[in-house]
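Heads up, the thing below is written out as structure tokens.
Per-chain residue numbering starts at 1, and chain names A, B, C, D and E are given in the order in which the chains are listed.
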Amino acid sequence: MAHAATAGRVPERGLDVYTQKVGMWVFLCSEVMFFAGLIGSYVVLRFGAADTWAVPNEVLNVPITAFNTFLLICSSVTMVKAFAAAQAGDQRGIKVYLLGTTLLGATFLGVQVYEYVELVLHQSWQGSHGFTPAAGLYGATFFTMTGFHGFHVLLGVICLAWATIRAWRGHWGADNTHGIEVLGLYWHFVDLVWIILFTIVYLI
Amino acid sequence: MDWALPPNYSTFGVVIDQLFWIILVITGIAFLLVEGGILWFCLKYRGREGAKAHYTHGSNRLEIIWTVIPAIIIAVLGAYSALVWDDIKGSSNRPADALEFLVVGKQFEWNITYPGVDETLGTADDFTVRNQFHFPVNEDITILLESEDVIHSFFIPELRVKQDAVPGMTIPVWFDATQTGNFEIACAELCGLGHYYMMASVTVHSAADFDAWQASQAPAAAQ
Amino acid sequence: MSEAAGGHAAGGADDHGHEHPKYMLIWLYLAILTALEVGVVYLDIAQWLIITSLLIMAGWKALLVALYYMHLKFEPNRLRLVALAPLPAVAIMIIAIMMEYV
Amino acid sequence: MATIVAEATGQAILHEEHEQSFLRKYIFSTDHKVIAIQFLIYTLFFLMIGGLLAMLMRYQIAWPARGELPLGGIFPESMVASGYILPEFYNALVTMHGSVMVFLAIMPMLVGVWANYLIPLQLGTHDMAFPRLNMLSFWAMVPAGILTLASFFVVGGAAGAGWTLYAPLSARPDLTGVGLGQILWLVALVFIGLSSILGSVNYITTTINMRAPGMTWMRMPLTIWSLFITAILALLAMPVLSAAGIMLIFDQTIGTSFFLPEGGGQPLLWQHLFWFFGHPEVYILILPAMGFTSEILSVGSRKPVFGYKAMVLALVSIAFLGFIVWGHHMFQSGMNPMLGLTFTVSTLFIAVPSAIKTFNWMGTMWRGNLQLHSAMLFAIGFVAMFAIGGLSGVFMASTPVDIYIHDTYFIVAHIHYVLFGGSLFALFGAIYFWYPKMFGRMMNETMGKIHFWLTFVFFNLVFFPMHGVGMVGMMRRIYDSTGYAHLQGIEDTNAIITWAAFGLFASGFLFAFNFFWSLKKGRKAGANPWNATTLEWQTPSPPKHGNWEEVPVVYHGPHEYSHPDVEDKDWLAQNERPDVVSPAAGSH
Amino acid sequence: MKQRGRALNSHLRNSFWYGGKSMRSHFWNRSAALLAVVAMAACGGGGGSSEGAADDAGEAAPAAAAVDPSTVGTISGMANFGGMVPTMEAIDMSAEADCAAGYGADGPMAQNVLVSNGGLANVFVYLSEGVSGAPAASGAAELDQVNCRYTPHVLGVQSGQDIEISNSDNLLHNINATPTENRGFNISQPRAGITSTQRFQVAEVMVPVRCDVHGWMQAYIGVVDHPYFAVTGADGSYSIANVPAGDYTMTAWHEEFGTMTASVTVTAGGTAMASFDYSGEMMGADVPMGDALVLEHGTNRIRVERTQ
């Protein structure tokens, strides 16, 4: 067997991007399809039964959700700031920004839980008390879409908390930014999905 | 062991059967070509000691040939199919003055509502009969297909008619029987544990017989 | 994807990260757009106008996030291809299902 | 099952040098080869379960009036009463046969086993890009399997709404009598989706970013190409099914009505979402098989693959077209007839790349030096059977004919020619072919050949007559056909099909025996028993942890057989340096 | 069909598979069911609720406790019917010839109101108040399907008692029971001679039972916690034996006339009388029942006609 003795030769170029990042982008592709399935169904169901939808602000609380949207946008900027700090080797920046992102994400979740509780327990809809997933297509699609987004935020917050703990142990630095960047990609994607959900679920 | 399409009794069936046989001939030729070729190659190029295979990475010309020929056949077939399909199902080709029936599938019955003597659905002389579909020969028939619970499929093999009945929708289906006879409606879409038992009788009458039958049913329903 | 043998590079392989985009500026952008979105809902104009403008603003925001925060603007084309890959599938799915209502 | 895995892999990694606990080495291993073998055992088990379900089903179809089901007494009264298989149990059999075969047998066997095993080996890398995710993708399948088996034993029995799960039947327990069983299957489906997505992320990333030096896109073996394209399909299609499945679970449990017209939902939406996944799924189930076949045919014919680039292009175009043809499953569903027109055209055009592939396979055999061993026989069998399946597909692609053919046994014949005659034949071929690499021993050739001929003959006896039964008009999923006037006269055919099906099932046990017998008694295989060129054959069998002592460098295309400039042998390994072998042998 | 015909309620539909009391229409309970499933899946366990897990509790005692004749009495009486007897609709069994052959020249008629000699049949009478403690169920109740009809049309059972369902017709029947408090079932019997044993664990009056293959086939099963119930016979009479002495409230249920109650005092060794009077004017009364999942013809349908 003629094994060419060429240890150390670089592999094929691929995407010119490190593997974890490629993996995350590939994974995000499947996430896009998942949310496309939900959003597509939402659009179709809504077209089929437009009269069963409430007008914005009638059932859902837009101001508080707008504030929540703002929180998520802020968490995105702290996330990129954390990445920038990591690239610059700014340990304090890494800690502060990661912690900030985690807290903002957690607050978003808290507000969402509050919103759900209010809706289920106190909001009335079409004459019945409590706006639940069983409240027609409107309720079903609302809770399914925002619920799955919330689930993604939850996963993100757990990962962020873990990354923050690592930051305090000095894990990240100029020579170790990949984890933060990849986590950031996921986090921004969750933000991006929310931007779309906020618009089509709450505002339209 | 009689493997054949059942006899055809409808106007659409003629084209459908024709198309079926055309495709059978085309695919039959392709079948013989491929399977014969494989068999021949297996015998002819069977491995021998010391033999060496012919080294080639392919032939662009051959590959283009066997890309273009199927593509042409397929395109013709596709165009023809699309025309026939539009003829059979296209909404614009729905006959205007057809006799209309309402057929409602439910687990596990077909309930057929007849228009009555005034030949209009939705009037007082409508009546509903369970699992019996009677209609006149040589006349455009349109059924409005509905379902109460799950998806059923309205299938009369001899008339080459099949259409799913979807709850929440009313789907028009039209056809024209060319001979009188007795057939069956089968359900072709799994609809639950009585799926296999969801059959109804179909009777194609002459126009006079149909009127007589309808008259005989109407008083019973009017009670 | 069918790139010629030899693996020659296609597209510019920028080294990302050497110049930071103005993250705070983008943040400001996003915040203002969100405020605008909420504001538009209360405007007394035609429904279709509201919906169109909301969709445009949402798309704009999404694009900002993808391009700057997710660094797509600074990535090589090959990675952008990966990111865009599912979009045709999404479009096909939604358009075809919507044709039920045509 | 754990002990079986251990036994099987014990052979494989006997010479493992790493100090690892038993648990880390064989159960929660991150080594792609061990994970592949875990998948193999798992899927073979479910292949048997799926087959068993089919046998019960066939018994009922052949002798609906007889009762007297052999061993009927071991079933609870809710499944078999007085020797009669009950309709609700029959529906569960139909549903779970399809579901188990598609999701727990064929799909993980094609992708879970072979993508895992072959991608790192054929690309010349030490392991997957994300070994721990890879492990997770196997372990996500385990609850799926357990839930599936458990669903048979809950009140109401297993899911009974068909593998396509058409709502509202699948969404309303009162209409089927199936409650928890349906939900368990849907939850299993979500796990399968998770497994499949995690796997796909790995396969795609590994293929894109971890190829050995010199392994350019156009030097990748066709197996890798097909698995790569398959992974893309799974990545984009599975999440849609997961989303739809979760909505269906909600319909069942928390009172939503996504697919229920009473609450404003839409049954057709389910079908669109399902088939948006379902048709790419069909290609997920066949593309890897095409890859294996290309590979085995090339090795067995001692010739390069005929028209490599066309084969790659055909794969890519099948994958692309696969996303825009799903509507052809819904021609009679009541969807907009205009969509029917569009889908007819796109569907028919998918026949073109399939035709290219078939002719190119024949071109590969043409003027070859055919080594008709078991693997090669199955690969040739694949081409022959896939051709029939492809040709019968033309009938239903033509919408008018589909009006009659839709939901009859003609369709059943078609999918089995593609999924059994196609995918499973190629899988058997793949197992015979790569078994020596996996376990270091050859499978017994005599048994292999007998297995092939039995499978081939019985397979055709089972499924060819189904075309005829379908032409007569026998509906799918029907418990008892004898009540219909137009179905009189096909009882004998149905009985013959059933007897042949029993034979087909039995011949599977010959394979199983061969598989386990050869683990201990099989002839020892060297590193490269087939004189094959691709990288996996250039490392010992079975490969050690990490696969390579040094990273291979690739100089040639994947299938360089019978190169005229190589004199002492008829193959040229991908990593053989041109100057070492022969100065002129450098290929493209 | 009045109240029963109420639009199909998705809450009920979903709840009745999960058994338990009053699971109906409460979102949280159903969420809990979902969580349970998910949790089960997450543990990789699954299949916990195998056949009979819930049923064992209701296993009938081997023999009913011996009755002391000195402490019990009997209740008997009549369901009387006065006034015009409503005409019953003819059932169209023409598509099921084997069944139709079992009836005389008039053919099969509906059984909603069966009156003979001023007595109303198929009234379910039971002690609704005052019963404390009761012997466990023994023996099995039988529900047969003969000539595409349920025999009996109204059946009383004790909670936990076996109900043996059998098919005397050599054709497909399915038995779809749709209770609201109990766990429902939907099974089939494709041939004559096939039997199935089912139970209801919780008292519920009434559980509707229907056959989806033959839309006219309808039966009602009254489930009560004690053995003190009866169904009036063809002549309208009933009798309940071995009732412990005491004061009770009796309820009579009829599928068309709803319920009425009577007070009754049982003395040891005596026979208490309780009769119920019905008349044709009462047709259309409110009939309490676990909502039968009956979709009415022509209602509850959305018409989406395609136009292009």
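Operating definition for what follows: a residue touches a chain if its C-beta (ideal position, glycine included) is under 8 Å from a C-beta of that chain, and two chains touch if they have at least 3 such contacts.
Predicted, not measured: the structure shown is a model, and the values here were computed from it.
Participant: If you take the chains that touch subunit C and keep only those that also touch subunit D, what is left?
Facilitator: Looking at subunit D and subunit C together, the chains touching each of them are A.
Participant: Farthest chain from subunit E, going by the mean of C-alpha atoms per chain?
Facilitator: Relative to subunit E, the chain whose C-alpha centre sits farthest away is C.
Participant: Based on mean C-alpha positions, which chain is nearest the centroid of every protein C-alpha shown?
Facilitator: So the chain nearest the centre of the shown protein is D.
Participant: More contacting C-beta pairs: B-E or D-E?
Facilitator: The comparison resolves to D-E.
Participant: Measure off the straight-line distance from the CA centroid of subunit C to the CA centroid of subunit E, and report it in whole Å.
Facilitator: 60
Participant: How many angstrom lie between the CA centroids of subunit A and subunit B, rounded to a whole number?
Facilitator: Spacing between the chain centres: roughly 48 Å.
Participant: Please compute the C-alpha centroid of subunit B, do the same for subunit E, then give the distance between them in whole Å.
Facilitator: So the centre of subunit B lies 43 Å away from the centre of subunit E.
Participant: Taking each chain's centre as the mean position of its Cα atoms, how many Å separate subunit A from subunit D?
Facilitator: The separation of the two C-alpha centroids amounts to 34 Å.
Participant: Residues of subunit C that touch two or more other chains: which are they?
Facilitator: Each of 7, 82, 85-86, 89, 93, 97, 100, 102 in subunit C touches at least two other chains.
Participant: Would you give the residues of subunit B that are in contact with at least 2 other chains, written as numbers and ranges?
Facilitator: As it turns out, subunit B has residues touching two or more other chains at 91, 107, 149, 167-169, 171, 192-194, 196-197.
Participant: If a residue has to touch 2 or more other chains to count, which residues of subunit D qualify?
Facilitator: 86-88, 172, 175-177, 208, 216, 236, 240, 250, 254-255, 257, 261, 263, 266, 268-269, 272, 309, 336, 338, 479-480, 588
Participant: Which of the residues in subunit E come into contact with subunit D in the complex?
Facilitator: Touching subunit D from subunit E are residues 7-8, 10-11, 13-14, 16-18, 25, 27, 30-31, 33-34, 37-38, 41-42, 44-47, 49-51, 54, 172, 174, 176, 178, 183-191, 193-197, 293, 300, 302, 306, 308.
Participant: Write out the stretch or stretches of subunit B touching subunit D in their complex.
Facilitator: These residues of subunit B touch subunit D: 1-6, 12, 15-16, 19-20, 23-24, 26-27, 30-31, 34-35, 37-38, 41-42, 45-48, 51-59, 62-63, 66-67, 70-71, 74-75, 77-78, 81-82, 84-86, 88-91, 107, 149-151, 153, 155, 157-158, 160-169, 171, 182-184, 186-197, 199.
Participant: Can you name the residues of subunit D that touch subunit E in the complex?
Facilitator: Where subunit D meets subunit E, its residues are 67, 76-78, 81-82, 84, 86-88, 142-143, 146-147, 149-151, 153-156, 172-177, 179-180, 183-184, 187-188, 191, 249-250, 252-255, 257, 260-263, 336, 338, 479-480.
Participant: Mind pulling up the subunit D residues that touch subunit A in the complex?
Facilitator: Interface residues on the subunit D side: 125, 129-130, 197, 200-202, 204-205, 208-216, 235-240, 242-244, 246-247, 250, 254-258, 263-266, 269, 272-273, 527, 538, 550-553, 555, 573, 575-577, 580-581.
Participant: Could you list, by residue number, the parts of subunit D that touch subunit C in their complex?
Facilitator: The touching residues are 208, 216-219, 232, 236, 240, 268-269, 272, 276, 309, 312-313, 316, 323-324, 327, 335-336, 338-339, 588.
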